[in-house]
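What follows is a group of structures, each given as structure tokens.
In what comes next, subunit A is part of two complexes: it sits with subunit B in the first one and with subunit C in the second one.
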Partner chain A sequence: MFTNDYKYTLLSTLRNKRLIGWLMIFPIVLSILFKVTFSGIYDKQVSFDPVPAAIVEDEPNEAFSSVIDSVSKGENRLLDVTYTNEEEALELLDKGDVFGVIYTSDIKLTVNGTGIEQTILKSFTDRYLVTEKLLNETAAKHPEKLPDVIASMSEDITVIEQDRLSQGNPDVYITYMYNLIAMVAVCSSVTGLSTVTETQADFSALGARKCISPTPKLINILAVLCSSWTVTAVCMMISVTFLAFVLKINFGTRLPLVYLGALMGGMTGVSMGFTIGSLVKGSYEKKNTAAMIVSLFFSFMSGLMLGDMKYIVQDHIPWFNLINPAAVISDSFYFLNIDEGYERFISRLIIMVIMIIVFTLTGFIFTRRKRYASI
Partner chain B sequence: MQVFKLFMKILKKKLLLSAACVASFLALCIITTVTNSSEKTFTDTKIDICIFDEDNTPESQALVDYIAARHNIKEIENDRQAITDALFYSRIDYALTINKGYAQKLADGETEGMFTDRHLSESYGTAYMNNFLEEYVSCINTCIAGGESLASAIDTTGKVLSEGTDVVMISKPQGSGLSDGNGYFRYLAYFMPAVMISSLSPVLMTLNKSEVRFRTNCSTIRPVSAAFQIFAGSTVFVASVWLLFITAGVFLKGEFYSGNDWWCVLNSLLFSVISALIALLVAMLMPKSDMLMLVANVICLGMSFLCGVFVPMELLSDSVKRAGQFLPAYWYTMVNEMINGTAVFDKIKLVSYIGIEAAFVAAFAAVALLLFKLKFSSVRQS
Partner chain C sequence: MEQTVVKIENLVKRYNDLIALDHLDLTIKEGEVYGLLGPNGSGKTTTMNCLLSLLTFDKGNIEIFGKPMSPTAYDIKKDIGVIMQNVAVYDELTVRENIDYFCGLYIRDKQERRRCVDEAIEFVGLEDFTKFYPKKLSGGLLRRLNIACGIAHKPKLILLDEPTVAVDPQSRNKILEGILQLNKNGATIIYTSHYMEEVEQICTRIAIMDKGRKIAEGTKDELKHMVKNTDTITVEMNDLPDSVLGQLKEMPHVYSVTYEDGKLVAACSGGKHNLIRILEVLQKNDLSFGRVYSEQPTLNDVFLEITGKALRDKED
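On to the complex of A and B.
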């Protein structure tokens, strides 16, 4: 009975080409747009590149010029300098080609913003001025100590030990891709609605026929639910495959588990749709609107539109990220990427399993024992 | 006014999704608008740092105090995962550990392994702080070499490092309040089409259904009058939504619009019309309304990401900007950028950008009329 029901529901779901099409087209189109938009932004915004600066040598200052040379050459250089006159330097500044103009005569800095790049330029000139001041003070007060001071200043020191916390992809913009997959999963709730509409007599002729058939309602519902899970699973697999192999999105080194996360996410979305369908009374359109509002709200709160949103929620109402299916799904991908272990990923999978169970049970409870005086 | 009344009756049923969009928009605006600021003089960028002082000596405390006076100290649990999350989501820029033995190493003139920098990648924050810590330690060592005691050297270093370079700040004209870069009008480019497609499109799709159209055609209402009433209904809805946003803007800003804000108001009006026309085109091209929100998301999110709504225009690559020029939201954002000071204010350019938006209105209206004509004639033939 179950196999028959499952098979035919699966076939009828697959025939709803528009729905399936959109569940596939939606992530493909948006992921292409995200890829195009975000490629290179992380490097531009976060990854360190030598800071472009214009140097105006209004008066010769050999000591300062040699310091500039030392920090603007080599592999780990701090500055990317352009020697020019004042007029051109200010033009470069205005165009945004440089972040600041350094004057060598009296060590002055002109900037047109207050970003980290300008602060790095100021920190560089500050360091030179401090060195100069200390030398002058020592020369005035303790001239006999001058060689020691110069030796101390010239010493190359390493004060920091580096500890890279993760070998995963540090690009924060990848969270948009995680949220996109999460959104496909929660939007799959639309397919979950069919679990209600195809099994209840007052929604469709098929529902009415199923209600009078000898098949137990539980088997009926389970068959429809399983077929929706299957179809969504296929959509999720296609989405992840497209992102990982066509767009070459770096999901870290544990891609098979990303598929598992997506699969579970899809099931969570469908089960959520089943619950929404059973709780919202009224037409299919009403249920569909409710499912879309809930999906969009969860996606918004997990950071699909504003990347920071999930962390803002984490700061103020942390429990919400544990009950928001989109955030749980997106977190599972994030933990796979950034963590060395599996603890947090597994915790999110467990939450998804709990959600699937709770949503499915709620759906069962609210769709059972229906009696119709008239349809 | 039967058609107008019908329009409003259907619209009333579709307002739920629209209300959710408006609520999300206002919530987002409250978060982003309140945090805006504009700078007139140069101040060092304050980095968000968490410090774990494992040495816990007066020397290490002096460093913590010195950093705290210049940067924002964030309290984060000393847990690898918590630090990783904070760094990944940019809640902190730098995670510094002052290693045990820091004070002893300072006294002995050793430098290696004083600090540990926990990071995810080489960032500007990392480069800046590494440079700063080297400068700090180097300065203390120099003072000690000059004959000072450790305590005195720390004191001198604090004083010497406080005296900085003269910085001249060339200010760009800054917008204020709602016209600012992170503000109200920026996100309107996402929410306005979303509201229009979620509310206006289903109403128009219902009115476009062949059986409704046939019934209207065979009634005593003239087709021109019916079309006019649908147009009037759409206009009332668009104007209401636009006025709602503009009024909410006044409350968020705390004062009435003034100066260049009016360009933003005009810009938003034009964009509202464009959004309504996009909704009209979607209604004409989509066969059924069940997948409307997915389509709306592809249009709204796609246009927003390509046109610098969610990601600042300056970070977008040239090819993305070139592609964005074919979309109305790009010109809407360009006008906003000019008003908020991100781009140089040029009245001629500003008017030309608004002109391009007007051209989009004309183009979309022409396509809508053409589709209307085609659909209408196909229904009549069937």
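On to the complex of A and C.
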């Protein structure tokens, strides 16, 4: 009974060209749009070029100079330095030719704006100050060991920065892509509506025909729900694949888990649609509009349209990020990328499972009624 | 003794203030082709939906195959086939897939199901269209698909709710023949319609409904007897002065006279001499007339007699 039911509802959904078209075109067009809008920022971040900086030698500093020498040489150099006087240095900074000015006397750093380059300069000077004593002592007592110490220090900085890039890229662009996947997932709620519209006698003649058959209603609903889940799962896989392999978005080293998160997210969205469909009475258009509004609201609150939204929510109503499916889904990707461990990723998956269960149960409770007052 | 297949007792169904079914009683025996005849809005569909446990009702008792009907009475449901008023098929499934899908809600065994689906396709004559999507079918073929979806599992009780609405005459005849064939194969049929000709043509017993009540029940002959010896006499003539029309109206036994489009129509009751006496009046006034014929009462006359209004809306 179930297999037959599932097979044909799946077939009919897959053949629904309009629905499938939307489910596919929507994330693809949006992601291309994002890619075009943010690609400038993005390219700089991944290519990791040496950072241009001006050095003002207001006081000779032998240890610092040798460190600068060693980090501005070679293929993987950290900095491109220009030695100059203060006036000229600040002019370069204003023109944007350099990202920062470093004074040798007290290793003071002056930067203009915030960005990854400025961050690199900052961590470089911070790192230097921390190890300055060690460097000075080495220079005084064991000058022959100085190159080793410098090498290890510059390596440290490079590693820190590269870690940030490969394992986690907490920057605007990639965050938008996470939000985009989350939005596609919650918008699958529209697919989930069919769980109600195709099974309820008071909604469609199709539903009536199923209700009068000897197949229990639960099985009919479950069959449509499972086929919606399946269709959405396929669409989520395609979306992530498109982002990762066609747009070449760097999801880091945990791509399979990104797929898992997307899959669970899609299921969450469909189940949410089931609940919305069962709660909102009236025509398909009404249910559809409700599902779209709810999905877009959640997406908005998770930062899809306004990058900072999630942090604003985090500051004022932090619990909302835990019950907003879009935020939970995008956070799962985010944590997957920035965390070394899996705790927060797994916790988000668990929240999704809970949401799926709650949404599905709510849907069942509101559709289980066996007789209708009016058809 | 024939078994009772459907028993509806004292059924009351309200939609808010509107009483859609008003203490309705129906008893349908095995092997009958039972007609529910009534104008639009008389409660036929509501009766069907209550019978199928789709609707809640305010009062009453419904038994099918001698057992109380409920939404979870799956052993009853498996033997019922329904052809809804609205076509209910998946647009994205082909003719064959649709029939197989709905048949699958009743029959699990794959081989048995394939046989049933084949037979249903043959029965409605859709062999050449098995790979068509519903959108590509004409109205009549779509109705036939709708029927095939409802009867593929070989139900013992078949409910048809206005299956011939908006169907061309050829498809309509095919559908009516099919219904009789299903009945011959052993199924009990409940057929609702507001077309009295169809009901007269195929039903063995008829209930006439109006405003949620059963106002008459019986075979078509029994029903016609209810309107005593009513005759409708039609006389074709070119001219009829109002004075003569007045004279005709005053005749005993004649209760309605109209003259329209060159036709004099007089509804009379009682006696065989009505025709002769009408013609006498016409001759006395020196009026010439053409064809004259007299008709037996129709179910419309029955309805008219009981409710004082015509069964069908003018536009039908």
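Quick note on the criterion: the second predicted complex is superposed on the first by the 245 of 375 C-alpha atoms of A that agree within 3 Å, B and C clash if a C-alpha of one lies under 4 Å from a C-alpha of the other, contacts with A are read in each partner's own complex, and residues count from 1 in each chain.
In the analysis below, a contact is a pair of C-beta atoms (placed from the backbone, for glycine too) under 8 Å apart; a residue touches a chain by one contact, two chains touch by 3 or more.
Predicted model, so just to flag it, every value in this text is computed and none were measured.
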Looking at subunit A, does subunit B or subunit C touch a larger number of its residues? B
Of the partners subunit B and subunit C, which touch A:Ser213 in the superposed model: first, second, both, neither? second
Tell me which partner A:Ser204 touches in the superposition: subunit B (first), subunit C (second), both or neither. second
Could you look at A:Val29 and tell me whether it touches subunit B, subunit C, both or neither (first, second, both, neither)? first
Determine, under the contact definition given at the top, whether A:His142 touches first (subunit B), second (subunit C), both, or neither. first
Based on the superposed arrangement, let me know which partner A:Leu134 touches: subunit B (first), subunit C (second), both, or neither? first
Should A:Leu11 be classified as contacting the first partner (subunit B), the second (subunit C), both, or neither? second
Across the two complexes, what residues of subunit A are contacted by subunit B and by subunit C? none
Which residues of subunit B touch subunit A in the complex? 14, 16-17, 20, 24, 28, 31, 39, 42-45, 47, 80-81, 83-85, 87-91, 99, 111-128, 130-135, 137-139, 141-147, 160-161, 163-172, 190, 287-291, 293-295, 297-298, 301-302, 304-306, 310-311, 314-317, 319-320, 323
Interface with subunit B, subunit A side, in the complex: residues 18-19, 22-23, 25-26, 29-30, 33-34, 36-41, 44-48, 78, 90, 93-94, 96, 106-120, 122-127, 129-131, 133-134, 137-138, 141-142, 145, 148-149, 151-153, 155, 157-166, 170, 172, 183, 187, 190, 285, 288-289, 292-293, 295-297, 300, 304-306, 308, 310-312, 334, 338-339, 344
Touching subunit A in the complex, subunit C uses residues 15, 49, 52-56, 70-72, 74-75, 77-78, 80, 82, 84-93, 97, 100-102, 104-106, 108, 149-150
Under the stated contact criterion, what part of subunit A meets subunit C in this complex? 1, 4-5, 8, 11-13, 15-16, 201, 204-206, 208-217, 220, 370-375
